[in-house]
Amino acid sequence: MTSSLPGFLFAIPFFAAVVIPVVGFTNQKFCRPIALGTLVSLSIVSVMGLSEVVSHGPLSHEFGGWAPPIGIEWVVDGLSGLLMVAISIVSLISLVHAGPLVEKELPGRVIPFYSLSLLLVAALGGMVLTGDLFNLFVFLEIGSLASYVLVGVAGGRSLHSAFCYLILGTIGASLYLLGVGYFYAETGTLNMADLAQRLPEVIDSRAVLTGLLFIVLGLAIKMGLFPLHGWLPDAYTYAPNSCTPLLASVVTKVPLYAFVRIAFWVFGMTTVSTQIPILVVLGWVGAVAAIAGAYLAIWQESFKRMLAYSSVSSMGLFMLAFSLGTETGFAGGLFYVLADTLMKATLFGVAGAAFYQCGASTVTDLVRLRQNMPWVSAALLISALSMVGIPPTAGFFGKWHLVVGALEAEKYFAVAAILVSSMLTALYFFRMFQRVWAEPLPLVEAHVLETPFPIKMSLGVLTFGLIALGLGSDLVMGLIFESAIPKGF
Amino acid sequence: MMLFDDYLLLTLVIVTALGAVFVRDLFSGVLTLAAYSFFLALLWAGLGAVDVAFTEAVVGAGLSTLFFLVALFLTSHQEEVRKQFKVQMMALGSLGILGFLLLFGSVDLPVVGDPESLPSKHVSSHYLKKSLEETDTPNVVTAVLADYRGFDTLGETTVIFTAGIACWMLLRRRDDSAT
Amino acid sequence: MIRPHDSVIVHTLARVFIPIIQLFALYVLIHGHDSPGGGFQAGTLFAASFILPVIAFGIQGSLTVLERRAIILGGIGILLFAGIGLIPLLLGEEFLNYGELPIPGMEASARRHLGILGIEIGVTIAVAATAVSIYYSLRERGEGEGN
Amino acid sequence: MADIVLYRPHFVAFIILFLLGIYIMVVSLNLVKKLIGMYLMQTSIILFFITLAVKKDSTIPIILSSATAVTPEAYANPLPHVLMLTAIVVGVSTLGVSLAMVIALYRQYNTLEEDQILGKMK
């Protein structure tokens, strides 16, 4: 059903991102209101889009007025609508949270910060909604350029980690483009739906196999899957605290969405798991990644580096969930992606607030959190419980559906991997609990200023969202089962 | 199709690429890279891609070399080459696998220049047949670039705009941006 | 930083070449429809014609202020491009659908022809201004800024 | 394997350039030399796409008169040309950002060699 809603989903963040530097030169105070107003309207329009998709089915928008194989088409269906809502809401909260941090960390660079953040949100929205493989590459590049710079803007060590992220990211994007080139050489089309129809005839040609392998390799670098995650720990540890909630919670999940879209919608469930057994290989890679990421996180002294390795571990869990091959496994994986987006945004928000308030960056000096920041430590407690998987929070239901899906698929190595990685996660989070809550308070009474309202409000909303997502998990799972499951299950 | 000039241009391209990489002084490396871009532009003009050749000559050779030279002026010209044996072996090994994968995948690719291959039949025949009557532009590449796939071009302009904002954010002095 | 070039040859050649480059860039932009060329090539040529005087004649005061604001011109170029695309969306049609541009008395293909010319101009302004802005940022050595 | 070299010399050139570019990006310690490798890798992919667009004895895709019916075999395939215009501009933009980072790093650590930078960071 063609509608102009996807057009507005692109136009809103794009126009704001371009207007901000133009307006910002006259008066710097306008940037933040424009950015937040844009993201509020983007969230409203994406929620409207999701409700329309649930009631009337997928919405499509043909750019330039040309039908799909000729022109470029955007499709909002259950999966992309859900992710678009998650992206817009989490980026809104991250920008609210980043307000005071930007004033302190990047004093002269407020205008470009808001412009690049909105360009990043527009690029992520573009990657999620597009139905054209080359269009996805263009938005992948916009999003990557914005995130390289947002990582490297704090200077010194973050510049070097941003340079490594740029080199690895460019190799990943070029491998993806090469894979699209192989598909184009075999089928002559770039549109995903058209490609899905034309693939069965050429499925056994070696060019399609290598094309899929290159796309998986390229996207694995972009999403930080275990063997290719080299850039992720340094990038998230040294990135400025105003940028990490947005970067860590959403930027690595969109390449994962692109892989799921290509593997399940373009290739179809049966071809990807039997004819070209790439899902089985990725299942094993996900299992190893989940365990290795959690194991590496135990030894980290810096709080943000520990969270970075836990992101590597949860990316392994997502890949494991999508490769289970059962409906509950797929739906559980998607639910856990949403839950993890909220969790990572909260945890990195807490890390940013701790550094902003009392310069705490290692796990041991988080104890100052308990001393003079009740709000922030409450957010830390709830999000840590959710990462470990304690019932009322969304993390528990996510892992619960993952285990049920794995048992249904009789993949016992997957069940073992999920349980072992959860235990390791519990280990390093309880170590953190012990350091923060069980240690005696340091005697010296450090003078600490009151947490600014935007940080308190955003962490509060995120924590409330975690618990609401947990309690309303059957509602969200119902939505996923109804409109976000690919054919062929 | 396999005229003499293709083989000549291809060897020139590879020789200048090797030159740009294995020369020690960065300044001459960058200038060899400019030569590499010009030979590449000639090769593409020979293959019928005149718009891409024009862009590569102007944007690829002109702008990239300008950016490289400005960067080299502000930093140092010399590169101290040091052998790091372990990394080289690891890189050669993984690139060997990647190279085998490329060759393995290339067997089923359409032969260069065969008009029956799918890319030249499926979507592009519509562009060639209909573009003059639908958009009044003889140059089909401009028609496809601006109209049929105009959204890609908007994304592309946004990429260069993002690079502009990024360079402003990374390098500008603190005082001049607080206007 | 980059001092003005001292040799007379560079000065005279630059003085001769700059208008030729700009004329050629205009030709490339206007004739993008029926000969190789278009927005990106014309924009880069315009950028070259703005950067050449800075290299040849050194930095004049006014030019530096213009260069610092170049990113705004880039934004305006993109707004022109996306604005032309937004009009059909506001009229209920698809984004970037030039056939529906509200130009009276023209059939769809002539409107598309005009739409393409319009966005080529937008792309040229955006690419020229952004390339100059990137050049200015790269050359700008903030003394003691050391972020 | 021999027919690849004979019938697809462009493809062999693409493989050589692509692997050379990645090799230099990974192995070399000098930041600017890595960017030269990145530039080679990106332009080699453009070479791969353009060889897909070639048709035997066809002219450039510019159709002057619509009087005679257009036979697609007579003109080169325009779609990869459009895609590669985008790829060239993406390559230049990535190069601009990475050179900005190199200059900022040089301003801070006064060297272009990665191991010296790592040494100074400790």
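First chain written, first letter: the chains are A, B, C and D, and each begins at residue 1.
Heads up, the rule we're going with is that a residue touches a chain if its C-beta (ideal position, glycine included) is under 8 Å from a C-beta of that chain, and two chains touch if they have at least 3 such contacts.
Worth saying up front: this structure is predicted, and the values here are computed from it rather than measured.
Across the assembly, the mean Cα position most removed from that of subunit B is the one of A. Chain pairs A-C and B-D differ in how many C-beta pairs are in contact, and the one with more is B-D.
Taking each chain's centre as the mean of its C-alpha atoms, subunit A lies 35 Å from subunit C. Distance from the subunit B centre to the subunit D centre is 3 Å, each centre being the mean of its Cα atoms.
Spacing of subunit A relative to subunit B, judged by their CA centroids, is 30 angstrom. Centre-to-centre, using mean CA coordinates, subunit A is 29 Å away from subunit D. Contact of a single residue of subunit A with at least two other chains is seen at positions 14, 18, 21, 25, 63-64, 134, 138, 141, 145, 148-149, 152-153, 155-156, 184-185, 190. In subunit D, 18, 22, 52, 60, 62, 64, 79-80, 83, 85-86, 89-90, 93-94, 96-97, 99-104, 108 are the positions where the chain touches two or more neighbouring chains simultaneously. With touch defined as above, residues shared between interfaces to two or more other chains in subunit B number as follows: 50-51, 55, 59, 63, 67, 70-71, 74, 102, 106-107, 109-110, 117, 119-121, 123-124, 127, 133, 138-139, 141, 145, 147, 149-153, 155-156, 158-163, 165-168, 170-174.
For subunit C in complex with subunit B, the residues that touch the partner chain are 2, 32-41, 44-45, 47-48, 51, 68, 70-71, 74-75, 77-78, 81-82, 85, 95-96, 98, 108-110, 112-113, 115-116, 119-120, 122-123, 126-127, 129-131, 133-135, 137-142, 145, 147. Within the complex formed with subunit C, the residues of subunit B that make contact are 50-51, 53-55, 58-59, 62-63, 66-67, 70-71, 73-74, 133-139, 141-143, 145-147, 150-151, 153-154, 156-158, 160-161, 163-165, 167-168, 170-174, 176.
Those residues of subunit C whose C-beta lies close enough to touch subunit A in the complex are 69, 71-72, 75-76, 78-79, 82, 86, 88-89, 92-100, 146-147. Note for the complex: subunit A touches subunit C at residues 2, 4, 7-8, 10-11, 14-15, 18-19, 21-22, 25, 61-65, 153-156.
Here subunit B touches subunit A in the complex through residues 101-102, 104-110, 117-124, 126-127, 147-152, 155-156, 158-159, 161-163, 165-166, 168-170, 172-175, 177-179, going by the rule given at the top.
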